């Protein structure tokens, strides 16, 4: 009897060991702190979608001084979440990254201005002070301004640009007339801060025709020649999209998962719930595959902004190979 | 006792009281902008209304001491565990203070090892003294915040993530005072005593162990105190870019990003309390060790 | 791999050369030549290792690339230098250190004030004041003023503690001597207390130099106008222009080391009488 028990244990142990071995390691680098913007990946991990796909995934949160392309190049992650302007710029700089999936269909970026600063339309922006995020996020803005014919180096005929910190204080302190906001995040900080929607006028990049693709998934080009890597990647993308669709359908559970994964212990249920709702609007309409038309529009927007980001249309910056295999 | 009170406690208490009075007074003009912004355009705001509003805002420019104390009390408990179950501990300031403390101590330890070994090399080798010393000083003029993200990026592929890069960044600031203090200390042994060791035909190692090291210790301890404070600065700075996970620096950043000024100050105050505890406990250790070794601490000499 | 091995061999050769150099030259020249040779050795080592180990430019650019960038972008670097070091750090440094000195003078006349300030100053000097950077940006705006403000708050207390200690560094015999000469308080300050305090004051100035640099650059991470060293470092990491990042770091190091060297020269000429200056 004892022997049988022992044998069972041995078999069970070896089975568990083989299961553990079958789990391929995979690491994803996010581009900001843990929040609902990345719900799909956290949900896929905590709901076991990655595990079911035979993957042992590490989700690495980012921060204001983390450049995901740098982490990717350094081997600190296998895949990164990045905005397309930043990724294309990295590609042109000599770090060949390729878009393998695009969970975000629409852009959430907008410029939020105070009405009492006398701004009613884009033509009123001349002579105003505008807060912009840098770190690669300034490209769509610069492109937009150059299309409006406004200079960005100060002066009355152009806009005065501030490097906006992490928060929207400049619009409250009178330091800026407009601040950059995301539909799912900073805009609500402005509202929470005490300005009502009536006090504000917002210019959505989508409406201005200068929207660039946001949160996409990028890998190093060389890795795509590695069949083993492609296999893991395909499973990762499929499981991640499953995570995104689950998060869209089960907002409350997704928010709980985000809160569980927030190591800083600062996220609140209300904020993340609201963010998840806004994020779902941006992921809606994407099954994960990049729409080539969106890509073309992004490139055209960036090229229209001069050669600050990219000097020519990139070649081979995206592929459908992974999503075709993952989503079939 | 009374003399001690009036000589030491009274002056400090007076100045602290003055600071608090200035603090409350300054909060009125500093926070008033939001009061006026929130009020309807034609509203008349009396002075008493202004005071009560500026002293009780949710996101003030300058939070007041009572708001900060209340927030620290709220955050620095483990009662969150009952409220939010397994993730509750992450809401506690005590947990995050511990996270920062652990990288501070690691950085301090690494800095101590690096600093002492560098100063030994400097004292015993003229070439090392000439070549390394100017670069040690230069190293401190390189802004740590600029290279901190790079340290993290470079260490990540080596499998070193989490605590280790933070310790290295903190070491970068903490080794410097040790090198300076220890080098000075190792050179401070009395020449007469060195001659005495020679006449006893002591080996270089014996001279080091019995003469130079003991005479260096009074210099090493104050240097360690400065180094400990520097290690804490390093740990906080390291948490800013490290992917904003746990720790006082990471929370400072996230709260600043959400313009939550009161929790921001609560975190700053915890960092201050941590610094105070570190320095005081080290001072006690120093005094005990010195007494055991028969030295007098700097403070006792002067008084 | 060959290049990496070659780098190590070269390292050994240059180190041996340095040992010889330290023996040949008189102390005066060795003090300049030896560290320079050592620095060059390090740079060449890194250059060869980066090439030999095929390190990506995104992780660590070659030192030669950094130097090239230093010369090709010198205009931008100069503007950043003016904004961050001259306007931000230096203003804050001067204001912070001189107010601290002023308060220390006041405290030197009042024993009560000294007893109150010294423990508090010691405590605050040990705090991670750099955490105030985001708050200063919130209060003083995006320009260089907020950078100067954080530098003031970082420099004030270390400087205060040093100056207060320095001004108390005279002993009773010296003070009695001045009294028997019927010296006015001002004469006592100028001729006795201030000279005796000089080593401490200069030490405070030295401690504050790296603090000023760190403070000004850190504050720029939390918001800045379109230029500045911290701004450039932060945004260039985002656009993977790592050579520019390092060029800025080199500028900061040169500025800091140069200023520190200046203080050492002043220290030598002002406090030649102090035991620590003996050779």
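Labels for the chains are A, B and C, by order of writing; each one numbers its residues from 1.
Assume contacts are C-beta pairs under 8 Å (C-beta built on N, C-alpha and C of every residue); 3 or more make two chains touch, one makes a residue touch a chain.
Please read these numbers as outputs of a predicted model, since none were measured by experiment.
J.: Average the C-alpha coordinates of each chain, average all protein C-alpha coordinates together, and give the chain whose average is closest to the overall one.
T.: Per-chain C-alpha centroids compared to the overall one single out B.
J.: More contacting C-beta pairs: B-C or A-C?
T.: Pair with the higher count of C-beta contacts: B-C.
J.: Using the average of all C-alpha atoms in each chain as its centre, how far is it in Å between chain A and chain B?
T.: 35
J.: Centroid of chain A to centroid of chain C, CA atoms only: how many Å?
T.: Taking the average C-alpha coordinate of chain A and of chain C, the gap between them is 39 Å.
J.: How many angstrom between the C-alpha centroids of chain C and chain B?
T.: 18
J.: At least two other chains touched by the same residue of chain C: list those residues.
T.: Only 59, 134, 138, 221-222, 237 qualify.
J.: For chain A, jot down the residues that touch at least 2 other chains.
T.: 64-65, 67, 70, 74, 165-166, 169, 173
J.: Show the residues in chain B shared as contacts by 2 or more other chains, in ascending order.
T.: If we look for residues of chain B contacting two or more partner chains, we find 149, 153-154, 240, 253, 256, 259.
J.: Touching residues of chain A toward chain C in the complex: what are they?
T.: Counting only chain A, the residues touching chain C are 64-65, 67, 69-70, 73-74, 86, 89-90, 93-95, 134-138, 152-154, 161-166, 169-170, 173, 175.
J.: Chain B touches which residues of chain C in the complex?
T.: 18-19, 22, 30-31, 34-35, 37-39, 42, 59-60, 112-117, 119-120, 123, 125-128, 130-132, 134-135, 138-139, 209-210, 213-214, 217-218, 221-222, 229-230, 233, 237, 245, 248-249, 252-253, 255-257, 260
J.: Write out the stretch or stretches of chain A touching chain B in their complex.
T.: 33, 60-67, 70-71, 74-76, 165-169, 172-174, 189, 193-194, 259-260, 262-266
J.: Enumerate the contact residues on chain C facing chain A in the complex.
T.: Residues 56-59, 134, 137-138, 141-142, 221-226, 231, 234-235, 237-241 of chain C touch chain A in their complex.
J.: Contact residues on chain B for chain C in the complex?
T.: Contacts found on chain B: 7-8, 11-12, 14-16, 30, 61-62, 126-127, 130-135, 137-138, 140-147, 149-150, 153-154, 225-226, 229, 232-233, 236-237, 240, 249, 252-253, 256, 259, 261, 264, 267-268, 271-272, 275-276, 278-279.
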